[in-house]
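Data first, discussion second: the structure below is written as structure tokens.
As written, the chains take the letters A, B and C, and residue 1 is the first residue of each chain.
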Amino acid sequence: MIHSPYLRKPVSVRQVMFTVLVALLPGIAAYVWQIGAGILVNLAIATVVALAAEAFVLRLRRRPVGLALGDLSAVVTAWLVALCFPLIVPWWVTALGVLTAIVAVKHLYGGLGQNPFNPAMAAYCAMIVAYPALMSQWPSAGQLDFSTQLALILGGSRDVDAITGATALDALRTGLRGGGTDVATLLGQEAFGALGGRGFEWVALGYLIGGLYLLARGVITWHMPVAFTAALAGIAALFWAVHPEQFASPLFHLASGGAMLAAFFIVTDPVSGATTPRGKLIFAAGAGILAWLIRNFGAYPEGVAFAVLLMNLCVPLIDMKTQPKVFGHRGDRS
Amino acid sequence: MLSALLIMASIAVALGAVLGYAAIRFKVEGDPLVEKIDAILPQTQCGQCGYPGCKPYAQAIANGEADINQCPPGGEEGIRKLADLLGREFKPLSEEHGVEKPKSVAFIDEQRCIGCTLCIQACPVDAIVGAAKQMHTVVAPLCTGCELCIAPCPVDCITMEALPETVETWKWKYPVVDIRRAA
Amino acid sequence: MTMRLSGFHGGIEPDAHKHESSGAPIVPAPLPARLVVPLRQSARAVAECLVAPGQQVLKGERIGAPEGVLGTAVHAPTSGTVIEVAEYPMPHPSGLSTLSVVIEPDGEERWTALHPFDWRARPRNEALAHLRDCGIVGLGGATFPSHVKLGTGTGIEVLILNGAECEPWITCDDRLMRERAADILAGAQILRELIGAGRLVVGIEDNKPEAIEAMHAAAAGLDGGVAVVPVPARYPAGGEKQLIRTLTGIEIPYGRLGGEFGVQCFNVATAHAVYRAMAFGEPMVSRVVTLTGNVDRPGNVEALIGTPIEDLLALAGPRRADTDRVLMGGPMMGFALPSLTVPVLKATNCLIAASPRLFPPAPPEQACIRCGACARACPAELQPFELYWFARSKNFGKAQEYHLFDCIECGCCAYVCPAHIPLVDYYRFAKSEIWARERDKSAADQARERFEFRNWRQEREKEEKAAKLAAKAAETRARLAAEGGEAVAADAPPAAEDPKKALIAAALARAKAQQAAAAPKNTEGLSAGTQAEIDEIERRRRALGLAETADGTAAPDTPARDA
């Protein structure tokens, strides 16, 4: 450092990313406890592939490999990919997803800090478009033992419909489309637990705890989680109040799918999200509303990923239009 | 068939009327392109481009008669700006028109000046003061460094002096980013 | 007295490191062997030198006259002999030199005659001139001339005295308030009267209880209207705009003076200097400097302006082996001195011996992840990472649109940046680049205007000449016609040509006659030296073949090589 300031707070990107990883642990623990330890295999596969891909691309781009690997950003991306993919997806789908996230979404746009799209969500979207069947098989709590999970992940037989049912969101969508039934009957099935998919409400709780830890550590601000959950719950509540037999409850929407992961770990991605306080509110609320719309009226059961990508597209505009007033310029016209 | 033709024709007429009205209502005075080009040129008025001043050169560029790389005082940055403005490809400074030099100002050696007024007549910005048979001097803040006064001087008493950097004109450097250093 | 504080956005709380140097009283620094007084002592102005080498000066004698609107006078810090007036390196990040007066002290410290100034009895503009002539500038670091800041003296409601001293390590204002509280407040009262403010508010960071106590005690003896207000210790609480906002809620945008908003702010040390200037007529020849950091005996010294910094640092103990550079100012906004031979300026509030242990080198710069930590820390409420992108890509227009110039370069953003980006360096680069471009642009605009005027003038001269010629030709034609109608009628075609030729011939003849008759003027009673000079010039001119030749042909007046 040649010029002032000569003082620096002892913080680093690595620390920020490490805090995010720590915050993911409660969710992962709940996942292992409720759904299956197979997620650990997926996490391991994703981490290895992510680090290898990152190192390889950095090599190609002639950037310092050690420093960039050490910042742990690739590991965060890898974990998020593994957590938003179904547990029993074959290992190569996870690997392909991570490669998409790291190589195509992150580095092709200039590497850390430059990607306009959320890598994990882009990877999810790419994979669900490419392998819609594989990406839609979610086992619920206690359904599969670890050896079955392992066999499926490592490429065993894929007679999947016999093994797993559809997710709650999936069942809801196809059920309601077919007509002749209502939400209560659909979600009354034993496989779906009290709120979302059985067992997944605990995972959601784990994410919530981790998210609160991130808030406490100042890694994220309150804007995004609050706006996202409020928008999602708000629009769900509105329709649920009018047509409870046609639309699921707000609590169901919050607890199912990737809502909680998204609220604290996905929309809060600083690189691809809005940065101004007002912009964060708009960005996250938009993602929440779009997620609900896609869940109810879209072609895919889970809308969070597409919603986030759509809002990523709007970030430059949102940021430009929501620049906060500068000291001494509060009276200026914006 | 006929009605389609009529509709298309009337749309064409209506749009034409709108365009015609807009052309009159929002008429742009003068030739803004020449002004824009002139604003980029350094106003040295040195004539190295082959035109008698910056404005004529700007006019020539606008008319497509001159290329954008004929201005040595504007340098590479000037060419880049012109290329940007005109949507053309950047090209290096044309060698026949000169080379980019650090900004300097003319200085008259007062011991040798004979007061011939030739440099006063040559100066494009009236930056030299003096009278016949009186010593001349350059008003440095007004001098553009065009060097046009050097050739006419019969006693070669005019030299170009580079402007020294002062605390006022000193600039903070672009922070050097050497990411590879960390590897 | 309790007061509602408005606070400001962002800010940081680094280790204060005040106790190292705040314990010991201010001691006068001994007279150095040589003083180098730069004539550039106030912001953006250089004083005009009034002394010549060899001249004897007294302490407090004026050596530099104020130049320009922002100029202030510069004075000899001690009595002695001017041994040189030359360019010397000054304490500045550039390490560039500036015109300085070098004085060899005679050791007697003889004062020049000082004239106290009765600001109550004399007109206000004289008081401001007195401050200018005493070289009073803001001692907080910006060295803005105080008489300019006092402005018109109307519409100011609150006068703020800045004793916040928020930068880590610096304690010179703290010590001054503890030891000379009464003088500071006396100076503040003078400022308050000159500026016509109703209220006087002294803002002091709450990590200086002794200073607050001392100022409280001194204020108790005054007739009211003075409030000593502790403000929360959070950098940059002592930034002028931040302190004004904290104490009054008023926000002063970039490029505006507090006076427009009914509030003005002076540093406590400036108030002290104003008191000395008014009560004793003493010009600013010394200031309190904190010596701290990697030294054996940190403390505060009263140093003469122009004292070499290495002499001053020696007072705090011998240089330690691990001291790798010396900072002037605080660690947040100061700069590393390019050399230690440079002198103390009016702006020198603190000298910090830095070592890698106290100020570890920054880890390598990483990519910005737009985490927004900088925006949360920015006291100007900017979006520093956006400014960084714009400055980095040299998109200066956009940077200005995002209020680059409202950045006060406090360094909070770079302090909190997890990617260790030297953000402030990017802003400094962008700002100085923009200033340079504006200078170039105004020079270009001026050149364009002058060029166009010259073309217009040449055009006009041509027209005037043509008109004159035509008029003369017509006149000649008329005369010739009057003289002999038939002849003209016979030679009709050449007649049109003839008068012109005749005119030219006549003019040439006139010029010749004039040249022959022209005698050098004012040549009587010349000194031998001047005569010799003239002869020399004549000789040179003859050598060049420019003077009139013996046969009387005119010298080549016409531009022979006119391009």
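Note that in this section a contact is a pair of C-beta atoms (placed from the backbone, for glycine too) under 8 Å apart; a residue touches a chain by one contact, two chains touch by 3 or more.
Which protein is which chain? UniProt says A = Ion-translocating oxidoreductase complex subunit D; B = Ion-translocating oxidoreductase complex subunit B; C = Ion-translocating oxidoreductase complex subunit C.
Being a predicted model, the structure only gives us computed values, none of them experimental.
Visitor: Whose C-alpha centre lies nearest the centre of all protein C-alpha atoms?
Guide: C
Visitor: Select, from B-C and A-C, the pair of chains that is joined by more C-beta pairs in contact.
Guide: A-C
Visitor: Suppose each chain is reduced to the average of its Cα coordinates; what separation in Å results between chain A and chain C?
Guide: 55
Visitor: In whole angstrom, what separates the CA-based centres of chain B and chain C?
Guide: 31
Visitor: Hey, what residues on chain B touch two or more of the other chains?
Guide: 179, 182
Visitor: Send over the residues of chain A in touch with two or more other chains.
Guide: 67
Visitor: Which chain C residues reach two or more other chains?
Guide: Chain C, residues with two or more chain partners: 93, 364, 422, 425, 428.
Visitor: State the interface residues of chain C toward chain B in the complex, per the touch definition above.
Guide: Residues in contact with chain B: 40, 44, 90, 92-94, 96, 98, 364-365, 422, 425-426, 428-429, 431-433, 436, 439-440, 443-448, 450-455, 537, 540-541, 544, 546, 559-563.
Visitor: Under the touch definition given earlier, write down the residues of chain B that touch chain C in their complex.
Guide: Those in contact with chain C are residues 38, 41-45, 47, 53-55, 114, 116, 118, 121-122, 124-127, 141-142, 144, 148, 151-152, 154-155, 165-175, 177, 179, 181-182.
Visitor: For the complex, which residues does chain C have touching chain A?
Guide: Per the stated touch rule, the residues are 8-9, 12, 14, 93, 168, 241, 245, 251-254, 256, 327, 329, 331-336, 354, 359-364, 366-373, 375-376, 379-383, 385-386, 402-403, 406, 411, 414-420, 422, 424-425, 428.
Visitor: Going by the contact rule at the top, pick out the chain A residues touching chain C in the complex.
Guide: For chain A paired with chain C, touching residues are 1-9, 11-13, 15-16, 67, 71, 73, 111-114, 219, 221, 270-271, 275-276, 319, 323-330.
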